[in-house]
Structures are given as structure tokens and as C-alpha cells.
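Next come two complexes, and both contain chain A; in the first it sits with chain B, in the second with chain C.
On to the complex of A and B.
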């Protein structure tokens, strides 16, 4: 028996989302069991099942949040400060 | 990938900060065991509940009720299926070992499934009172559950139990508008099921309850039990039924219902597999497992 991860997608605009996992003997049975366990009440119209062993998993820390790279996280503060100063000037005048 | 905690204090700090444990983590053995025991009992209860539900498919009054009971049966068995999978993932017992322990009376399931549902009224009382009690406790677990896989599955279970609750209350409404004989039958069901349903929450939580400390549960048993009482006393009164509790009274000052003393003996008997219907229920579940063994054997052949 193998463990499969189940992904469901509701309509044309939504992305596939993880719904849970299922234990099954074959790919075909995994699809049937996933449908019967996770999609009995219109939870999705498209489904993926993926054998868990085929998922590549990153180590912790592999994804860099890059918080030390402010050029990737422009917070808009400089512009906001300038705009506020313009508004204040207008209100004063 | 997997996290390790060197001391239980570090682990508890992680939990207190809202940490969520995943199966790959190197969790303390006591925590692993506590989560496993809790999920195993939940899984057993879903399975035993599903089998009770199944008994009523041929006997449900009318096609619509029959179809709903079939859907409920599939839901409960589905919940058991998912719960046994995450329980097995904790690597304490395999699914097969959990089944063997259940049939040998070595592992627990909820007290309410140690009683016999004799009439359709009983089945409605279960759907109304027991399912609601189960949802109240599941919601309290879901709210803050520190074990990731369980929290994710509870979300599904609670959503589906919502349908069962609506079915339960709709059936109560229907009976309350029925004949005097039907109403009397349902009053008898309330008399029989009120106390078992109330005891589903268990006795008052101990001050040092590990399930609470480790954020597996988020609310004390007595608080949840009271929440259920405050909701169901007025609901049943509203449908024209009485509560089988001579000590029940309305507290004007506190604006709440006070119940009489609880006799915990029946709960203790069920937990020792000595409930009125424990033996028959367990043997039926075991028979059902035996009868479907050919499916599992076929799957093993296909898998290899």
C-alpha cells in the first residue's frame, strides 16, 4: 500500500489545494478512494493524487525569506512620507 | 526537515507558542502516545458509530431518510478511514493491530456506542444529542490542536457532522409535529439517551490533564458539557419534550440551567466494555471486518 497526497480544485480560477492524504494500492484505486473520502459534497471538480514518495521536499531553511534584502521588499515608506508631506502642506495652506 | 526537542520543557514551550507538530518531527514519546490514544479512540468511535448507522439503513422510515442514513454511514466510515490512517502514521500500532485491539475489547470507543438503538426515535436522539456532543468536543479540539494531521482532518469531520446535526434536528422537528404515539416514543428515547450523551464529555478534567497541557484538547470536559446542557435543555423544551433529570432547575440569578448530580457508574461500565450492548456491538464489528477480508486480500495482491 502507498500513501497518496490529494489535491482538489474548485473552479476555473482557483489553484489546486491540498485536501489530505489517502492510502491505496494503485493509482486508479487512489483516485477512487480520494473521490470517496474528500469530494463527496462538491469540494472540487478537478483532482490530483500524487504518490507521496514522488514529492520532493526541501530542507528547513532552504527557502530564504530574504528579509535582509530590502530591495525585494519595497515597503513604499519613502513615497508615503513624501505624499503625506504634500498633503500636510496643502492643508496648512 | 524534522524538528528535535532536547527537553520536554523545550517541547512544551514550542506548544505554548502555538507550535504545530508533524509526523516527521521527533516528538517526545509521551506526547506521541497521548495523541495516538486520543486519535485511536476517535477512530474506533467513528467506526462503531458508522456500523450503528448502517443498521438503520433498511429500517429508516421512508426513502429520503434512508438515503440520508446511507450518506451518514459513508461519512462516519470515511472519518474512521482517515483517522486510522493518521493514527497508523504515528507508528505505535498498525491499522490491523488497532482493529485486533478493538475486537478484543482492549481499546476504547465512546460510551454512547455501548448502548443499543432500539427504535427510530433512538436513532434520532443519537443524531440530535450525541452528534451535537461529539461536534462540541471536536470543535474544542480543532480550535487549538497541536497535532497537524489531526487538526486538518477534524476540519473535514466537523464540516460533515454539521450535515448530520441538521438532519438530526429536522427529524426532531418532524417527530415533534407527529402523533401522540410518535411523540411518546421520542420522549422515551430522550429519557434513555440524555445521560449517555451528557457523559460523552467524560468526568471533570483533572487539573494536570496532559491533553490540555499539550494543546491536544483546548477546553475542559466540564465546560464543554455545560455548553451542551445550556444549548439542549431549552431546545428540547422548545420542541415540547422533557429532560429526565429531577434535579434540573433554572437559576434566575446566574441565568443558566443547573443539572442534578451525575451518576458516573454507567460510564465506568462502558469503559470496561460492560455496557448494555458492548459485547454485541464489538462482535458485529468484528464479523463485518471478517466478511470484508477478501477486499483487503485482493488489495494486497494488487499492491504487490
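On to the complex of A and C.
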């Protein structure tokens, strides 16, 4: 038996969300059993099942350094402010 | 123009046989909730059983003309008034028997619904279309499990032993039903169910290999008017809660 992770996409949503896991002997059985266990009450319109061994998992802390890089968060406010000042200058002239 | 046929008493009795089969098959499958060999399967098996109960409910509703009448009708019927077949009444308590019965029944069920696709009764056309969509997944479920288990010699011998026990009961499923001739002549249904038996047998032997021809002899045409010896126990389980207070409104 292998463990599969089940993902469902609901109508009107872009993303697939993790619904749970399932134990099954083959890919076909994983799909069929996931259908009856996770989607029998119209919980989604598309389903993925992924054998857990095919998911590449990052090491602990692998993305932590990226949590504190404020210089990468450009919301465009500075550029907008500068462009507005340029427009105002042109209109005044 | 399609004329909606009137459902005469013999035709109602004929449809009742289908509803009773679906009801008891659904009941027997759903009884595996919590006790099937693994968690995922007990949910799946019970869910498939619920689909069959849904088919039964649509057929009962059509026969009775009102879905609110179903409980009273079903729970208060005398055993001799049922028209179910031996396959769905018998008490198969081993998992391999339940699984083989599921395979055998669902490989026969779509062949039965196919006969209603061009029915002169429009409601039966839409019920059959809905049921056929669900049945495709029931067959996939049965096939995937059986295919996987047949690859293990000890599982294969258990399945084959269960199959030999069940085949005679499948013959009973295909046996002529009361009212079938009337249903055919009024085009409620497009043919005899027993004429579909060779298709079922081909599916069976494609999956399990050629079987002893003696297993396929002896279609009996009176069985749907008598009950299997396991029926009373099953019927009491079905009515267990209902009988606590038969007058209650649910």
C-alpha cells in the first residue's frame, strides 16, 4: 500500500487545496477511493492524487532566510509618488 | 412523438423488482461501513451502496407516484410481496463474497439500465441516464480491486471460491420478472433482461477465465415470488429502527 495526498479544486476557485491523504495499492485505486472518500458530496470539480513519495520536500529552514528581505517588497509607492510629482510639475508649468 | 406510457399494475410489479434489487444491494453494501478490510474501502463501499439506495428510491417513487410514501410502503410490506432476487437477499458475510457480489451485480446493473434508455416513459429515461453515469464508477471500483487481488495467489483462490458460490445467484438476477412482457410490449423497456446475460458472461470470463459450464445451467423463473432463507434476518435489520415506533414521522 502507498500513501497518496488528495487535492481538490472547487468551482470558481483557481487553486487546488489539500483535502487529506489516502492509502491505496495502485494509482487507479487511489483515484477511485479518493473520489468516494473526499468528493462524494460535491466537495470539488477536479481532483489530483499524488503518491507521497513523488512530492519533493525541502529541508527544515530551507526558505527561512527569505522571510526577512524587505528590500524585495516593492509596492510601487515610491515610483508612483515620483511620477505624480512629475505630472504636477508639468501641469503647473 | 413519444407517448408517456401508463404504468399498469404488471409494469409496476416489474419495476418493483428492479427497485427491490437496488434497495437490498444498497442495504447490504452499506452494512460494511466500519468493518470493511481498510478504512478507505469501507467508506467507498458504503458510498457505492448509497448510490444503489438512491436508484431504489427513484424507482419506488416512480411506482408509488409520491416519494413520501416510500418508507411506509417498503417497511410494511409482507415478505411475499417483495420481488427481489436471491443474489441481493443472501447473507454473504465474508469480504471476498461481498466483493465478488459487488463485481457480479455491478457488471450486470448497467446492462439493465441500458434497456431503459429509450423507454416510452420519459422519467425512466432520465433515471437510467443518471444511474448509468454512476455505474461506470462502480464498475471501475470493482475492477480495480479485483484486478489487484487476482495478482496475489492466495487472494485469487478466495475470490474464485466465492465466485462459484455466487454465480448461481446471478442466474436468478437475470431470470424473467413478473410483468416483463407487458413492460416490453408497451416499450417501457426495450428487451428482456435475460437476453443481456451473454454480455455479462463474456465480461465475467474475460476477467476470471473460462469457468465450468455447469455453473451456468438452471435459470429458474419462479424465484422472485419466493424469498431466500436469509431474507427475514435482513428485513428485520432494515426495519430495526422503524419498528421501534411505526407511527413516527421522520
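Everything that follows uses one rule, which is that the second predicted complex is superposed on the first by the 67 of 93 C-alpha atoms of A that agree within 3 Å, B and C clash if a C-alpha of one lies under 4 Å from a C-alpha of the other, contacts with A are read in each partner's own complex, and residues count from 1 in each chain.
The rule we apply is simple: a contact is a pair of C-beta atoms (placed from the backbone, for glycine too) under 8 Å apart; a residue touches a chain by one contact, two chains touch by 3 or more.
Keep in mind the model is a prediction, meaning the values are calculated, not measured.
Participant: Clash or fit: what happens to chain B and chain C when chain A is overlaid?
Facilitator: clash
Participant: Answer with first, second, both or neither: which of chain B and chain C does A:22 touch in the superposed model?
Facilitator: both
Participant: A:32 contacts which: chain B (first), chain C (second), both, neither?
Facilitator: Only chain C is touched by A:32; chain B is not.
Participant: Between chain B (first) and chain C (second), which, if any, makes contact with A:59: first, second, both or neither?
Facilitator: Only chain B is touched by A:59; chain C is not.
Participant: For A:40, is the partner it touches chain B (first), chain C (second), both, or none of the two (neither)?
Facilitator: Both partners, chain B and chain C.
Participant: Chain A residues in contact: does chain B have more, or chain C?
Facilitator: Counting contacted residues of chain A, the larger count belongs to B.
Participant: Just to be sure I read the superposition right, which of the two partners does A:2 touch: chain B = first, chain C = second, or both, or neither?
Facilitator: Only chain B is touched by A:2; chain C is not.
Participant: Considering 58-66, 94-102, 202-210 or 238-246, which region of chain B has C-alpha atoms that clash with chain C after the structures are aligned on chain A?
Facilitator: The answer is stretch 58-66.
Participant: Show me the chain A residues, by the header's touch rule, that chain B contacts in one structure and chain C contacts in the other.
Facilitator: Shared contact residues on chain A: 22-23, 25-26, 29, 36-37, 40.
Participant: Enumerate the contact residues on chain A facing chain B in the complex.
Facilitator: Residues 1-3, 20-23, 25-26, 29, 36-38, 40-41, 57, 59-60.
Participant: Which of the residues in chain A end up touching chain C in this complex?
Facilitator: 22-26, 28-29, 32-33, 35-37, 40
Participant: Would you tell me which residues of chain B are touching chain A in their complex?
Facilitator: So the residues of chain B touching chain A come out as 1, 3, 71, 74-75, 78, 81-82, 85, 152-153, 156, 160, 163, 299-300, 302-303.
Participant: Contact residues on chain C for chain A in the complex?
Facilitator: Residues in contact with chain A: 38-41, 43-44, 47-48, 137, 140-141, 144-145, 148.
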